[in-house]
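The same chain A turns up in both complexes below, where it pairs with chain B and then with chain C.
Let's look at the complex of A and B:
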């Protein structure tokens, strides 16, 4: 009887420890963060032309939002979580808008490669 | 009088350079639309000519509303279609008014960008232009006095070739555009308008906002100053030169422009500073242009 009780306690303890271990490895309820990139664009010169960049960037798979900064010649693009973003797609978007891509800086490290 | 106008123009340029971007109004530009972009532009152009070297006291009014559509097939190649609605009227002291109104000659142009140098906050681009002016306007219109003379017809009746080039240098603070265009006019109805050479130079400065916001997309106001030149060869009728045709006109054209992310409103006043016309042609008083551009 006493042995059964000890066995039940051990199994319960093992279950609790397993649950804690897996919870640590795979946190339940934690949301994946969006992926953000700042791109440097050469040739951006006026409000009318910036609309072209906005339209082309919107075509990238996983696009969520964009903020273009004409003065700095940059665009901050936010992508949906869990979508693999190809830098080639960003390059194509910038070139189809008539500009040159001067660099991409990713702001989140959990971006899927 | 011309010196006074030139002085005012010089002061205007000085003011522009003291202020700190943009699109030309009467000139073409080296920029091309982005891939898949559609730009619609409608313009109203009013031309008044009253200075008659003869004693007939003739006056001419031309009112044109061109509807222009531009589409970018790629970031470098685009096509333009211009559909003009035209009203022409000639008044003189002892004769009844003559003229016509309706659809003019439709222009179809292709543009290809051959040079691009992009840098931070600016660009330098050169494009080649080629196309046709199609005989869609009425060219055999008559009134109570008979057939209207060719300059009063809405169309030339011929398919005319167009070639040219356009260059743009643009930064956040200013823009310079220049374009050259040659129109090969052909014969129709035993009449051939002389070939036309157009040359345009346009300088633009952003006047508002004075200081650019650190972040985001803004709207801006630009001041413009253009030089628009037209040189036309003499026309030929039944293979003989028409004495009162052809010549050289140069306009000085100040303008103002509002540029938003999708819309452009603009206005330009063209004043002739040089008119060297052959024969007894009416001289131009001014041309007034108002236009709106919208991109999709």
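Let's look at the complex of A and C:
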């Protein structure tokens, strides 16, 4: 019985050490943070516009949430962690909503390009 | 009519700022000082986007970011609500337009889900039609809904830049219009020459039908109202880009009273304009702000059988009721304040 207990303890210890090792090698904390972008959109002022932009932005792969500020003409888009976001997808969404994209500002520098 | 609009526009520069002196009693004079506040409690709003009123005086409001429809009596007392976020039957993502048929059934368009849902007057789900696309019967952000005396339904299919006509059961009957923007300068100077693009649209949003079944379409980003026969034949237009009375900076909500007068919400000018049945400007009121009688983006307007005017004041998260020289505010209004 003691032998089995020692073996189980060794296996558990090995598993814990392995997890610590791979966590050190491949840190996931940064990827788990959401990616955010603030986009500046020309002509984004009214609900007919902002709702149209929201509709298109929601179609971007990895979309999580959006906050539109029509007074500033901006939209803050949050994407799911670990999803590669192409700026072209944002451009397409803005154009499909009937607008011109004035600029994109990423709030997280270590975003996957 | 053009010269008439031009003349009235010049007059409007100096005189037109309220409707109190017109033959109908509508004014900006407030009586209750309750500010709008964003919320999801009963009677509060988060971006009221569309409004309509039945012959029985029940007022329906599409509370867009609360994913629901709320109803009120004429004094603003909350009655019922229905809907929640989702794509299932009876659910909404962005309720964007409202209309009532002769039996009191309620039709609600959904800007995101590209469909029209039908409910009875208690909010019981009865059916739906439409899906995303450009083909007949499909939508790309439907907004305004109106129903004529023959119970035909007209929908402004905003991002497809057209009007679609359906039976009460959602059977496609007809469509008209395509994308044709008018330059701002040409639109501004429309009293000098015809801006053209007749029968076509630049993001049409709201729609209303008078007792003669003439269809009035708020051609929002062409800053005008176009009139059509029930079969979609172009009849006339009025408006044009500008700040003066009779002009628009994005026409939005539209409704028609018993006398055939047109009430049109002028989104960026933050006012409600009133036109004669022929499209001549009568008066207007409102300006930007959150005080009583002011607006922060009037998205829709409705007129009841008694001439009371209801405005969905989108950015102030409230509905304002202009009634016999009084303005009532609904948002966050307590029962005590209502009494």
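Everything that follows uses one rule, which is that the second predicted complex is superposed on the first by the 82 of 113 C-alpha atoms of A that agree within 3 Å, B and C clash if a C-alpha of one lies under 4 Å from a C-alpha of the other, contacts with A are read in each partner's own complex, and residues count from 1 in each chain.
Note that a contact is a pair of C-beta atoms (placed from the backbone, for glycine too) under 8 Å apart; a residue touches a chain by one contact, two chains touch by 3 or more.
Just so we're clear, the structure is a prediction, and the values are computed from it rather than from any experiment.
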Quick one: on chain A, after the overlay, do chain B and chain C clash, or do they fit? Just give me the call. clash
In the overlaid three-chain picture, which partner chain does A:48 touch, first (chain B) or second (chain C), both, or neither? both
Check the residue A:73 against both partner chains and state whether it touches chain B (first), chain C (second), both, or neither. first
Residues of chain A touched by chain B versus by chain C: which partner has the larger set? B
Looking at the overlay, does A:98 come into contact with chain B only (first), chain C only (second), both, or neither? both
Chain B versus chain C as contact partner of A:86, first or second or both or neither: neither
Figure out whether A:65 sits in contact with chain B (first) or chain C (second), or with both, or with neither. neither
In the superposed model, only one of 7-15, 151-159, 187-195 or 277-285 in chain B has C-alpha atoms clashing with chain C. Which one? 7-15
If you lay the two complexes on top of each other, which residues of chain A touch chain B in one and chain C in the other? 45-48, 51-52, 54-55, 98
Of chain A, residues touching chain C in the complex: 45-48, 51-52, 54-55, 58, 98
In their shared complex, at which residues does chain B touch chain A? 21-23, 31-37, 74-76, 116, 118-123, 170-172, 175, 212-220, 259-262, 264, 293, 295
Per the contact definition, I'd like the list of chain C residues that touch chain A in the complex. 47, 49, 64, 94, 96, 111-112, 141, 143, 158-159, 203, 205, 220, 250, 252, 267-268, 297, 299, 314
Could you pull out which chain A residues touch chain B in their complex? 40, 42-56, 67-73, 95-100, 102
